[in-house]
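Labels run A, B and C following the written order; every chain starts at residue 1.
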Amino acid sequence: MAITLGELAAALGAELVRGDPETPVAGVAGLDDAGPGHVAYVENARRLEEAERGPAAALIAPPSLQSRRKPLLRVPNPRLAFARALGLFAPAAPPPVGIHPTAVIGSGVALGEGISVGPHAVIGDDCRIGDRARIHALASIGRGVQVGPESEVFPNVTIYDGVSLGARVIVHAGAVIGCVGFGYAQDGEAHISLPHIGTVIVEDDVEIGANVTIDRATTGATVIGQGTKIDNLVHIAHNVTIGRHCLLAGQVGISGSVTLGDHVVLAGQVGVADHVVLGDAAQAGARAAIIGDVPAGAVVWGYPARKRGEQLRIEAATSRLPELVRALQDLKRRLSALEAKLRGG
Amino acid sequence: MAITLGELAAALGAELVRGDPETPVAGVAGLDDAGPGHVAYVENARRLEEAERGPAAALIAPPSLQSRRKPLLRVPNPRLAFARALGLFAPAAPPPVGIHPTAVIGSGVALGEGISVGPHAVIGDDCRIGDRARIHALASIGRGVQVGPESEVFPNVTIYDGVSLGARVIVHAGAVIGCVGFGYAQDGEAHISLPHIGTVIVEDDVEIGANVTIDRATTGATVIGQGTKIDNLVHIAHNVTIGRHCLLAGQVGISGSVTLGDHVVLAGQVGVADHVVLGDAAQAGARAAIIGDVPAGAVVWGYPARKRGEQLRIEAATSRLPELVRALQDLKRRLSALEAKLRGG
Amino acid sequence: MAITLGELAAALGAELVRGDPETPVAGVAGLDDAGPGHVAYVENARRLEEAERGPAAALIAPPSLQSRRKPLLRVPNPRLAFARALGLFAPAAPPPVGIHPTAVIGSGVALGEGISVGPHAVIGDDCRIGDRARIHALASIGRGVQVGPESEVFPNVTIYDGVSLGARVIVHAGAVIGCVGFGYAQDGEAHISLPHIGTVIVEDDVEIGANVTIDRATTGATVIGQGTKIDNLVHIAHNVTIGRHCLLAGQVGISGSVTLGDHVVLAGQVGVADHVVLGDAAQAGARAAIIGDVPAGAVVWGYPARKRGEQLRIEAATSRLPELVRALQDLKRRLSALEAKLRGG
């Protein structure tokens, strides 16, 4: 797309500092990828010098940043401005509106306006697909599923019967929503499957990563709260309730009946044991193994997870463990010598 | 479905205590989801008081439980009764019998009686599909695959050539069975793939979760024993042998050539190193990293995994590590003072 | 296939020791699976005695190995010879050349010679599919994707728009390549998705396991270097650069903007934090949590990951922690007694 620096500044609500507004902008890029004519996003002030040496035509920067060598697009929230600038340069390539002739649509399906259904997609009986929703190729939508308006379901996704997706929900390729939970009753030596007559409710503006699995509830619903974002290969078990605007990074595992408040952040590979409750805005560092409740706002870390400060002190002491063993042996020797001396004296 | 409390008691073989057998039952539910007219399942006695305050019409409970406020359905195995009651209220919605016209069936395929093959499912040459098996939409069954009677293969599953599934096996959406194992020979700096001419044998009554991966053996077979249940996103490598009636929770990873006995239970995110042997009924706590053999009946925990009691003692001592460092420094100071005093004296 | 011991020796460039070259070979197998007439692969010298007692007709062995009871096929690289022998006995079963009538091919697609496209596969507009490439059933290839010659894409794989695969790349079932990365900007309490206008470049001879996820870059490209092999359920985030001939075992997770050199080996369930750099030939033991840079050639282990020797010393000391606590208490008691005695004296 053809756009000038001045037009980009206007589109982002940015203050253009020292740049010629007529300069054409070739694109927008992260610092490592920015070429001549690009507007580059400077993630943090430490990389400013590097950015100034680079070929970029201008930099997206916070209000406090000064540069003697590059034009700046100053905005209060540079990362948000970067997101918007990327949107301007993203190749707009929505799938074509309409239902591909190879798609299989069940009976009693209510299809909204302007929807797109790709090749070989399968939509079961009695579904409701909202306006402008996009069901990509080879997606499997079960019976009685609701897909809200402007939601997008990528290829090879499986949505089981009766699941409900809100508006503007994105489900990436290979994700599975509504599978039966891992719950069994013991009958002699055999494990008897608990029928799962509950469902999954995914609220508005949720994003679900590739190959994620979200199990349906035994009874009631597994709930993913509004605006929550889930990275690839995350597992969410049955009867879980996740609050609003949470972030779950790659390969996180949430056991059955866990409750997460709003704005919870779990870093990569975190695990949460069953029935645990995490309060609003609780955070867990990468690989934390959470086996007990976490109060609102707390930051936990480690295996098992402890409050971050405590865990850091433990890790520091752990690094010194071999030295402590030697110090202890040394003390023991000196003490024994002293005892012998006193006995002798 | 319309059923009375007396009929439900009869169906579950339960003793109805203090309830009117003519009371209509609206449904069955976990305690958190039970509404008026529901029969609720009380997971444990600690939640009895809460259950009595709730709206449920009656409670499924063990023989020992007493309640002054609610009718009880007393059974020796309440969880099993709950499973059966859920089954009574589960919406019976099997896919329609027959082969969807868009399914692609190879040559030489032996199809049993009463099977169901969904839209766009693909079945390769020379497969045998047992009676009443259900192959859902968009499933891919390779060549020469056996699917036993009453087995169910969900959408977007991939079964590679030559794999064998027993009777009543359930494979959830997105699972991949029979992929080539991760084995290479070094040729200079290149890794040369070992052709995997073995297969995967899944015995009767096994359940395989969503997006699970099970690799075929190099030679011989990777075996999943009868009645074993595998949760979502589990990885089972080549040449693994898993016994009967094991439980593998979410995101467990089993390396190559591992052997699990019968009734082994691995909690979420457990990892097992290659060639390790776990005896019958061995158990591992969540996130355990098992790098050596585990005897039958042992319970292990931690990273690396140790016997549970030992690991708990280590974790307790670890929590006190910063305090131990201070105590050690204090001892050192006192000892030095004592030594100085004695030298002085 | 009918082949004699002498012919097999010739095909593998092996020295046949004490065997009759006219002996027919029934197959090749790992030690546990070898039956009469098989040539067995002896993984290491410790299993030689077991191999000699077994039914195998001959053994693939290194030049140094001696056997009084079995003919040997001596080769400098036995594992590579095993790989080649397996290839000789693997059932050659490529999918049929040609495009299945149910496949959906977009407009402007350039199809090479001798390609195979399976049932219900979907190939988007403007793709280039190289000679002899195989696209299996139900695979979804987006728009503008390049698939190099002799590459193989298994069922239910999803490749997003614009991704590039080199020559002889293998993508196993259920893998997802080119999904949007997990990057957000904060706008009030909402998380705003960063449009990802970058791509994924997979170089020649890469193998990607089942249900792996590889995210596209925000700008620029996520790169998987030549000859690298990736096991099942691995997650590779946006903007990652992986060098040549690396090995990533099952369930590894690589965070955003990580850089791996060449010949890096990560064992199962390893996690790497964002922006970390691993030098050439760095190695990480199973479950290592790598939160800082790792120099070339270093071997790390643990949570958090430390150099292997250091981590082993820490683990040994950790095992003795409860004993250290007791020793410390004992010292304290003895020291107090000494102090009291001296005060008294």
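Operating definition for what follows: contacts are C-beta pairs under 8 Å (C-beta built on N, C-alpha and C of every residue); 3 or more make two chains touch, one makes a residue touch a chain.
Remember, predicted model here, so these are calculated numbers, not experimental data.
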Remark   = Under the touch definition above, the chains in contact with both chain B and chain C are A
Residue-number overlap at the chain A/chain B interface, same or different (half cut) = different
Query = Can you give the whole-Å distance between the Cα centres of chain A and chain B?
reply = 25
Inquiry  = Which positions in chain C are in touch with at least two other chains?
reply    = 102, 120, 138, 156, 174, 211, 233, 251, 269, 303, 318, 321, 324, 328, 331, 335, 338, 342
Inquiry  = Touching residues of chain B toward chain A in the complex: what are they?
reply    = 27-30, 32-34, 77, 79-80, 82-83, 86-87, 89-91, 93, 100, 102, 118-120, 136-138, 154-156, 170, 172-174, 205, 207, 209-211, 227, 229, 231-233, 244-245, 247, 249-251, 263, 268-269, 286-287, 303, 315, 318-319, 321-322, 324-325, 328, 331-332, 335, 338-339, 342
Note = Interface with chain B, chain A side, in the complex: residues 102, 104, 120, 122, 138, 140, 143, 156-158, 160-161, 174, 176, 179-180, 182, 184-187, 189-198, 211, 213, 215, 217-220, 233, 235, 237, 239, 251, 253, 255, 269, 271, 273, 289, 291, 303-304, 306, 310, 313-314, 316-318, 320-321, 324, 327-328, 331, 334-335, 338, 341-342
